[in-house]
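Multiple structures are listed underneath, in structure tokens.
In the two assemblies presented below, chain A is common to both, partnered first by chain B and then by chain C.
Up next is the complex of A and B:
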């Protein structure tokens, strides 16, 4: 088990390294740079060159990458050009906001998707099953971006929930109710397709499990159906969900970046978009690295969970 | 290239859809103009808007004074990059500076006049080089520290300091030379220009006056560049402006509270600003911004409305939540220019003979139907223009410039005169070597008016046989291509930084960094550019306003003859604002169109 986890940890480190390096190099190679963005057409060639020299953008790409890598090994991820602050100072708060959104969405998706999957998996026919299945297929076919646009539109028309942001007004105190109200639209946009996926997976697994002899035997012995389903069958049917949880975390993050922009959620997505527009290479790399850390952690946890419930996965 | 060609049918279909949409939206705009808004067709509308708002003044207190107090919610698209305006030039940092700092003089964006601000009055010396400015007495910074001439000296020292390397330094120099500043007494400043400079003290509108008592030490030790970054506690930020920053939440909002020590009063002697608080929400997406405006969560947006947003805003206006202000014609128009640098297309590119010829640009100006352009690109809300100065700039616009008609037949004759004719009868013209007359037109991806404009140009030029390959690039990539001279043609918008042409030398002089068609020339590449340089030198140095106008008319005439840039249509500027906001002084000149005069804005509450 320990060797297995160490192997997965090594994979996670490689993932973070690859993603952050690739994002830095690709941003650096894209046409234009921070100097042209900051100074515009009227900046003047001499001034643009001065700025490039000041920020080290005139150095060969390999040299710049090497210097960044050396710093990153000591947890110094460089300084944002645009904000003139260390990248490490800019990211934590935005990462926390993204994490709040992602965790809420994941919890909502799990709490909605799993029970619905059990219900629809336990009964192969019926109006309720058909309704759940139809809803899931509809939601699965909609990307989070479209779902968020639809939800923002509904929120704007009805006025039921805030359309964007994370907090109302200029209050500096943390108001949980206010935060939850602001979470409804972005978290739902992320959670609904995932809940639909969980429902489908759980439903299929449940259908397989309820046909197993030990379930039939339990029912024949007179054990109440609800107890068999929610205690015995559920435990066995959780394996497929556990195996995709890691992937879901990745989907959640990539989807959350788009949802954050639409719903003006102040997370990593909007910061990364701003950094990309400004060609703020170190900030882009920092955001990408943080996103990949989330992904790696999610994958690692998922692998660990799977290894616990299914020893075959360790091999 | 193949990819570009396969995209054309889709784009044509999209254009047809746009034209259909244009008809509908034009009708909506027409209804807005005739019913909901004030009539008018020039920048005077800014004043009309102000009067109209005051006229129906739900927020006025006794004696016509707008009601004091209340909050306003506005928006921007990005976080500020710093609270130190000396080191950052992004639009949000500029907005923060305009709300929290004051200048010696203010260019009134609505009237185009220079007004006393921290300087109560000024006189010009007989030599035309020196100005003596008398400062307002009894002015204090937001922390209570008295403001004196020493703070003005400090601000000049800071902006010219080599270590600070301020982004404002160039805008505070004449011909690359700094102004000399002296303070004979605590309320007097003498500013000496290095050479005669007609706009005079208007230049001082560029410089926010900063507190020496807060920043003097960091200027001395060379760390001013890093002062007032985004991590600075907001109570450390001190200024002379109407508001102070009271909260900054990264990615969410900047909150400004009333500066209780602000020095300005209104005509009735009431203390300004009227508002208690302005919350500026950070909303990167313009669609989300529009939804929040429509939903009542915002009172105004950062920029003017996009043509495609009229329908949504009109619904809000019909419901009484919003009003649409027509600010008249904009000061800037999107423009098409070619790479005119000699040899800029490459030594072996035979197309240079016609691609850099005046005749091609004249033909394009004739071939594009400006009415169609206005209807398609700006959905009817635009006016044809024939040069870089639009009718909005009343003082400097040359009304007698020849109007170029839409005349494709004449365009074909012009093209033939530079050797471009249809040799093989396939409907496309070729040069003398039988090579197709074809060029790539770069424009900015994601900017809907530029994308639509480039498509119209392509379609209109196809009718006279020219083949245009539209290449949409991200904004930064367009700038990089322009600066490196790696392009055939560009369709983009360059915005003027000032109304007075003498304050835009980088555009007009051949050595300028915004002389986009051939940047930063050591000596003028053409005779007509040399002539423009000469006339602009005289125009900048003359103190006779009539003579300056005559000289600038001559510059515009030379420009129109040689067309280094082709302008088609200037958009009309509309802004949407909540009906509860009153006492506005809108401007079509620059963004933000409403918040530039934030100290006199009021709300009904």
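Up next is the complex of A and C:
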């Protein structure tokens, strides 16, 4: 078990390293750089050159990469050109915001999707099953891009929930109630499609398990139906969800990108988009690294969960 | 039943895309400067006095320029004309009262026409990209599954890494390699390539599994012992076994790519402005006043219906497995 987790940890570290390096090199390779983007067309050659020299953009790509790597080893990810602050100062706040959004959405999706999936998987007929199934299929066809547009539209029409940003006004104090009210629209936009996916997966797994002879045997012995379902069958049916949790982190990040842009939630996705547009190389690499840390944590957790639910996964 | 509905939805979208130049009343860049963000002109058949008429529309008159509020001019009836000027339907008074079935966008362009033409770009891009994914993924999966050993390990590790990454960020990072503003055709090719690469691992993983398990079956062994070469065994015997899987996977990739295009265009990294795709149209819906102009969300509805159609087709296919259920 320990060796298995260690191996997965090595994979995670390699992932973070590869992703951040790749994004740094990709952004660096792109035509134009921070100097040309910031100064615009009328910048003039001399001023562009001067600015490049100031930010170290005139160095060869290999040397720039080596310097960045050396810094990254002791958590110095370079300075953001646009914000003129160290990247390591900028990211934690944004990353925390994305984490709040993603964790809330994941929790909500699990709390809603799993029980509904068990209910609809245990009975193959009935109005309730049909209703849940219809709802899920409809929501599955609505990625976060669409759900957030729809929810923003509804919120704007009805005024039930605030849209845009994380807090009302410019107050810097953290007001939990205000934050939660702002969280409703983006978090549900992100959670709804994932809840639908969980419901479908769980429903399918449940149906397979319920068809197994041991469930029939337990029923034949007179074990109450609800107990067989919620204790015995559920345990066996958790496997698909546990194995999909790792991939869901990727889906969450992809989805939260769209949600953050549309609901102007100040998270990692919107920061990275800004940085990409401004060709702020170190900030892009920093965002990518943070994103891949999330991803690595997610896959690690899901591996651990899978190993817990299904001993075969440890091999 | 639901499957039929799904097929119908997909078919409507495809027909709309193919026949866009005929069905659409206007070109994608026809602008009506007096009708910025004008609401839809619904065809009526009963006029003010309650008598039946041939389908007609009421023109909009600007009531408030600042908030772009329009009022129907009930005194004038503008009849519709059918099959004239190469369009299936249009208004008889184009300049004064154009037929805007889904309203106008912030440039005063017909949303309905742009939606039809947008279907060409969005559907074309995603279907071609999905085919690209099948080519790349199929090749990688076939080689990995057939060769086994080190090649298999290396290819599948790479696949695992790409699969676990958030697809949207990968697409975003790759897109940023090229300049922000590009010609539409370049964007089309480039986005197609990006999507094909992002989608390929999902194909290759499944193809590898199928090829690997089929390789040991009697028919494949029989073919090999009859002297068939590797390529022949793969192409004639093993890969046909993946058809079902690939069909299912395609119906999952196409919606993902449609949404990918929409997201990239929404944030301004997709197609440039005059091009109409469902994504660039959604970009217009990003204004904070969306609550007043709900018709700008019609590309979102189009995406939803098309994806729903594909999901319905897929869902019933899976349902047919028929488990024995005692409960």
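Note that in this section the second predicted complex is superposed on the first by the 313 of 315 C-alpha atoms of A that agree within 3 Å, B and C clash if a C-alpha of one lies under 4 Å from a C-alpha of the other, contacts with A are read in each partner's own complex, and residues count from 1 in each chain.
The working rule: a residue touches a chain if its C-beta (ideal position, glycine included) is under 8 Å from a C-beta of that chain, and two chains touch if they have at least 3 such contacts.
Note that the structure is predicted; figures quoted are calculated from it, not measured.
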Chain A as common anchor, with chain B and chain C clashing or fitting: clash
Chain B versus chain C as contact partner of A:138, first or second or both or neither: second
Contacts of A:262 with chain B and chain C, given as first, second, both or neither: both
Which superposed partner A:97 touches (first chain B, second chain C, both, neither): first
First, second, both or neither for A:152, with chain B first and chain C second: both
Partner chain(s) touched by A:277 [first = chain B, second = chain C, both, neither]: both
Touching partner for A:162 - first (chain B), second (chain C), both, neither: first
Chain B/chain C common contact set on chain A: 30-32, 152-153, 156, 164, 261-262, 273, 277
Residues on chain B engaged by chain A in the complex (per definition of touch): 78-79, 81-82, 87, 89-90, 165, 170, 225-226, 229-231, 246-247, 249-253, 255, 277, 279, 281-285, 287-288, 291-292, 294-295, 297, 473-477, 479-483, 492, 494, 497, 506-507, 513-514, 516, 519-520
For the chain A and chain B complex, residues of the former touching the latter: 30-33, 36-45, 47-48, 50, 54, 82-85, 89-90, 93-94, 97, 152-153, 155-156, 159, 162-167, 169-170, 172, 261-264, 266-267, 270-271, 273-274, 277, 279
Of all residues in chain C, those that touch chain A in their complex: 161, 163-169, 172-174, 176-180, 255, 259, 262-263, 266-267, 269, 282, 285-286, 288, 290-291, 294, 297, 300, 303-304, 307-308, 310-312, 315, 318, 323-327
Residue ranges of chain A touching chain C (in the complex, touch as defined): 15, 18-19, 22-23, 26-27, 29-32, 122-124, 137-138, 140-143, 145-146, 149-150, 152-153, 156-157, 164, 204, 207-208, 210-211, 215-216, 219, 225, 229, 246-247, 249-255, 257-258, 261-262, 272-273, 276-277, 284, 288, 291-292, 295, 299
